[in-house]
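Dropping the structures in below, format is structure tokens.
Below, chain A partners chain B and then partners chain C, in two separate complexes.
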Partner chain A sequence: MADPLMYLLDAVAYAGIFGILSISLNFEYGYTNLANFGKVAFFMIGAYVTAIMSSLKYPFIVNSILAILITGVIGVLTSLPALRLKEDFLAITMITLGEVMKLIIKNEEWLAGGVWGISGIAPAIVIPGLTFRERLIIQIALIYGILIACYFICELIVKSPYGRVLKTIREDELIASTYGKNVFKYKVQVFAVGSAMSGLAGGLFAQYIGTVNPYMFEPTVTFAIWMMVILGGPANNLGAILGAFMVEGFQRSSRLLKDYLNLPLDPVNLQVMLTAILVITVVFYRPQGLLKEKIKPYEGSLHKIIASKFMEVKSWIRRS
Partner chain B sequence: MDTPILTADSLVKKFGGLIAVNGVTLSIKKGDMVGLIGPNGSGKTTLFNILTGVYKPDSGKVFFNRERIDGLQPHQIYHKGLVRAFQMPRILQRMTVLDNLLISVKNPGDKFLPALFKRKNWLKFENDIRNKALEILEFLGLEKHCYVPAAELSGGQMKLLEIARALISEPSMILLDEPTAGVNPVLANDIYMKFREIKKNMDITLFIVEHRIELLIGHVDKVHVMHQGKIIAEGKPDDVINNEDVIKVYLGSV
Partner chain C sequence: MSGKSKAISTSIALIAIVVIALIAGAAGYYTGQAAIPEAYRKGYDEGRQAGLTEGRQRALQEFSPILPIEIKVGCIMSLTGLLGPMGASIVKGVQLAVDEVNSRGGIAGRRIVLIVEDDGTDPTKGLEALKKLVEVDGCQVVIGPMASGVLRAMGSYTNEHKVVLISPSATAPYITTEFPDDYVFRTVGSDTLQGKALGELLVKRGTSKVVILVMNNPYGVGIMEESKKVLGTSVIKTIVYDYSKLDFTTELQMVKDLKPDGVLYVGYYEDGKIMLRQALEMGLDNILWVCAEGIYGDPMFEDPAAAEFMSRACIGTRPVAPVGLKSYEVFKSKFRAKFGEDPSMYADTAYDATVMAILAIAKAGDYNGTKIREALKDVSQTFMGATGYKLFDENGDQLYQVYEIWDVVKKDGEYKFEAIGYWP
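Presenting the complex of A and B:
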């Protein structure tokens, strides 16, 4: 460990990327009750699209737009059959999708380098003559800019009549269709938006790491994103981001902890066990997550939403 | 005014060996308030489910404003102007009472892109519709609860909310499944007065399932009596309660 600050900054960047994923899952699960257990597939496709395009020397902005479009389209295509299934079957189908996508990437070497993956992906913003730490800070600024944009898009959507329809679908699909809402169409749209957002996160991940290979996209990534949403609080976007920070922080600190504590346990298993204990504790004592869903009327215009969010964060910081 | 708004032609619906609806034919005139009575398990709610597209009939046809609607999805039937309220209140628990009402209105912000980019458009609409919703809530005595989560309402209040939701969407016809079950008698009567007012002012046709026949008398224009999936009698309420068959199956021998 050469520089503890670098480790911290790296964790912050990771938390930002996973914050975007967590917001997108929250949009699907927290607001619309779509159990998407295939998040990693869209994350991976976004990362690979960016990687391939980057190796063809296209700039990041083009790559990420393409990643958004391709993952959005794949999201729609998979949702058309998958969304006809009930919740648990949808979950199983989506886990399978993630695995199948990974296997395709692994075995089709002509497509994306097979098990070796693609390396040498150019970072989004290249300014020559900077130190590694300065480049890391630029990366963090980029990631958090996109995270904040995603947050406000989701926040505006769920605080509109559209969001009200999504919540109605979550609570009672029959009511939604009785009152003239085409439930299937809404679900497909939510799936497309959620997938596109995951694709964008994948693109950010690829250009941040600089290399992609199939082993980065195991199903555990999906479960980590689910943990973030469940811990932070479903149907609360701030909660989803908080969850991303918590899980990321928890995983990193437990990885460090094993260097300092001498326990009669396999240190690799210890981290998994601690994470499980964390999830069980939160689900047991605070099933609605750390930040509860706010059930209240809309604030109206954008600046009012921003102002009220600001107050929320302020009061939350003061309390803790 | 003699044109039928809703016509059902020999509807049949079976669940396994049970024939829940067995050849129901009925026709409801535009602007009428029509009752439907029958003992428990006689197929009233199944009939409603067929009319609103929740179930597909095994055979038979449904016409609404001369258009065939059987086999359509519930949301398509809503857009034709036919709306229902459920017997067991289906309340959206983790939403405010006001949102529970507003969901039933067709809103310009219901679509993804307008919700994001044409905010002025739907905010204005939202404002107007909110005032209307508050009026209805006030009539039903729920105005104090309009911003609380609907899960906090009592059972009777949920029932009222279910009715309010059907009223606010201003369709051309409403199917109400036991709107006054679990509501105190005075309010039940008030609700029927409100129905009459709605029928007169907004030209809405109402089709009401009711167990307490005494509530229907004096309010409705016509009553259908269902028994074992069939319509056994129809006519003016006064005639129907004197019908021998009806007395036998429904009112009991006195």
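Presenting the complex of A and C:
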């Protein structure tokens, strides 16, 4: 029966998964200026690792840890040759990587079901006897728990001295190496973390959808993630999440609105056009994205803020 | 920049986005009159504007209290993406059926409302479209999707939510057998049958050394697996190629070196044109090429070399309505009268799928997926559609499908497809 709230919650869950992806891209591109156009490859590997492990009846926690490890290692391995390239060549190499990975999965049928894909992936948390809505809310809790964890990990990294090195590399690699920093090593590390995070998002995606096949991982996924980061604001993690919500919301709302607005233009094409106009406008008039990077140094480290909040709560409890 | 001016610039950016969206929408409204596929949303608007007065609604409610005032039929087709070029015409087939029923008063006075969604030939998008149809619109019957890969991603969702899916064109064998007693049906023969037809055609032509050359998607690999069962040991090699490539000399060289006397080929138009042109260049036209319906159609003749090769070496099969079927002729003339063009491949099966779905709702007398599914099985026992009998087996697969065996002939420099036989 009709239940529009479910559709909304579904959109929220999708936005959460893509939020993790856009945070990971933001970490690579926004903070370190690594143009990774192969995001979909790591997303796909994460999804497939989870799918294969799930069909062998392993629990989600094992699957996701394995997905993180494998995508991280593949991230390092691909970055070793790829990072020797300059920006635009790196982008092209990474697009190719995505296609190559997809071809391997399509053609090696013993590995992951070839063109048929894998279906029947168990959800991460199975509690029998729940309604669809309760199951969806559990999924959302899981996805947002991981999203928030990823957000804080990224925030802590970029606010640390390590993060300042990354920003220096972004602005000028020469300066970073003048200060004796091994630029290449930093880049490889960033790549590994970013890839591992996308692998985790892939795992979440696989257990949420319940089926994977190679046709889900076209290069358009990469471009969607890029759109999220560009719209939301590179080098701002909240912006990246906002971008994920905007792109997802844009797609969903155009699907819904076309039933009520009588546009004589094919709504599918209109959606594509409007998205393009949106991106061009933002790039022209607000290249820093909707939320800008905070240039000001961080006043008071995170633990100080948490400690003060903690004290507040404590005094509140005592009073009452 | 201070906090205040930042807030101002952010709001300016947001306002600019909204304004541009509005302008684009308005511009589209005044310029795009011809651009819209007419089938899109038309049924939906008609249903909304039907002007059911309150009194009439009450009367309907008393007459048959269970059925809703508007009966929604969802439709998910690939209007963009790889199968995009085929989608619009298939939607027309669905539209024709809905309009026909509505012009005769709908089901018990209720209008059928058609809601069309695009899946972009992408499983993720397709699943999202299905969720929209089920959760927002409350559809219990959905026609589509076109591609087997997209349909598979929807399988478990459909069964959980008890929504009937009828695909007009997804032919991969596994789709209906994966969940035997499920809500997925199709009004086209499974490739289990076409694989058999192709295999038997090769055997009949006396080939003993066959190379199977198929594209790496469910369509190609599905036919490969089924035809292998028929051909058995006469298959000396199977080659699965990537259809997005622009050069197939490697694959063709392999075929040449193996010296087969028959090739089973499955491809689409774009890769097919290149494949067959290069096959002509490499002199492979002395072998018998047996092809599936993916390369059946006039777009193949855009490349003269491919057309020449087809006339020299190719025969093939395609699913058709039984020969001389009167109901197909009627469908064809209705389609031509409404849209001014001939129905494309699978517009006929989509029409049948829609008519069956509507009949099933009428028979069930209730807008409920489980009941519609049971009614659909009954309807299929006696249904005679534009493409013949649609008797379903226990998996929701059509039991019977006729395949035409076609050949390409060259007459006065013009190439043409001709039927040279039928299977079975």
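We take it that the second predicted complex is superposed on the first by the 297 of 320 C-alpha atoms of A that agree within 3 Å, B and C clash if a C-alpha of one lies under 4 Å from a C-alpha of the other, contacts with A are read in each partner's own complex, and residues count from 1 in each chain.
Everything that follows uses one rule, which is that a contact is a pair of C-beta atoms (placed from the backbone, for glycine too) under 8 Å apart; a residue touches a chain by one contact, two chains touch by 3 or more.
Just so we're clear, the structure is a prediction, and the values are computed from it rather than from any experiment.
Student: One more residue to check, A:S55. First (chain B), second (chain C), both or neither?
Tutor: Touch status of A:S55: no partner.
Student: Please indicate which partner A:I157 is in contact with in the superposed arrangement: first for chain B, second for chain C, both, or neither.
Tutor: The answer is first: A:I157 touches chain B but not chain C.
Student: Chain A residues in contact: does chain B have more, or chain C?
Tutor: Comparing chain B with chain C, the partner touching more chain A residues is C.
Student: If you stack the two complexes on chain A, which partner ends up touching A:S177: first (chain B), second (chain C), both, or neither?
Tutor: first
Student: Quick one: classify A:T96 as touching chain B (first), chain C (second), both or neither.
Tutor: Neither: A:T96 stays clear of chain B and chain C.
Student: Who does A:Q189 touch here: chain B (first), chain C (second), both, or neither?
Tutor: A:Q189: touches chain B, not chain C.
Student: May I ask you to decide whether A:V165 touches chain B, chain C, both, or neither, giving the answer as first, second, both or neither?
Tutor: First partner only.
Student: Of all the chain A residues, which ones make contact with chain B and with chain C?
Tutor: none
Student: Hey, which residues of chain A end up touching chain C in the complex?
Tutor: 1-4, 6-7, 10, 14, 103, 106-107, 109, 114-117, 119-120, 132, 209-211, 213, 215-216, 218, 220, 252, 255-256, 258-259, 261-270, 272-274, 277-278, 281-282, 285-286, 290-292
Student: Considering the complex alone, what residue numbers of chain B touch chain A?
Tutor: 52, 54, 73-75, 78-79, 83-84, 90, 92-96, 98-99, 102-104, 106-112, 115-116, 119, 122-123, 126, 147, 149, 165, 169
Student: Touching residues of chain C toward chain A in the complex: what are they?
Tutor: 6, 9-10, 13-14, 16-17, 20-21, 24-25, 28-29, 31-33, 35-37, 40-41, 44-45, 79-80, 115, 117-118, 120-124, 127-129, 131-132, 134-138, 147, 149-150, 152-153, 155-157, 160-161, 174, 178, 216-218, 220-221, 240, 242
Student: Which residues of chain A touch chain B once you look at their complex with the stated criterion?
Tutor: Going through chain A, the ones touching chain B are 153, 156-157, 160-165, 167-168, 170-172, 174-183, 189, 193, 235, 293, 295-298, 300-302.
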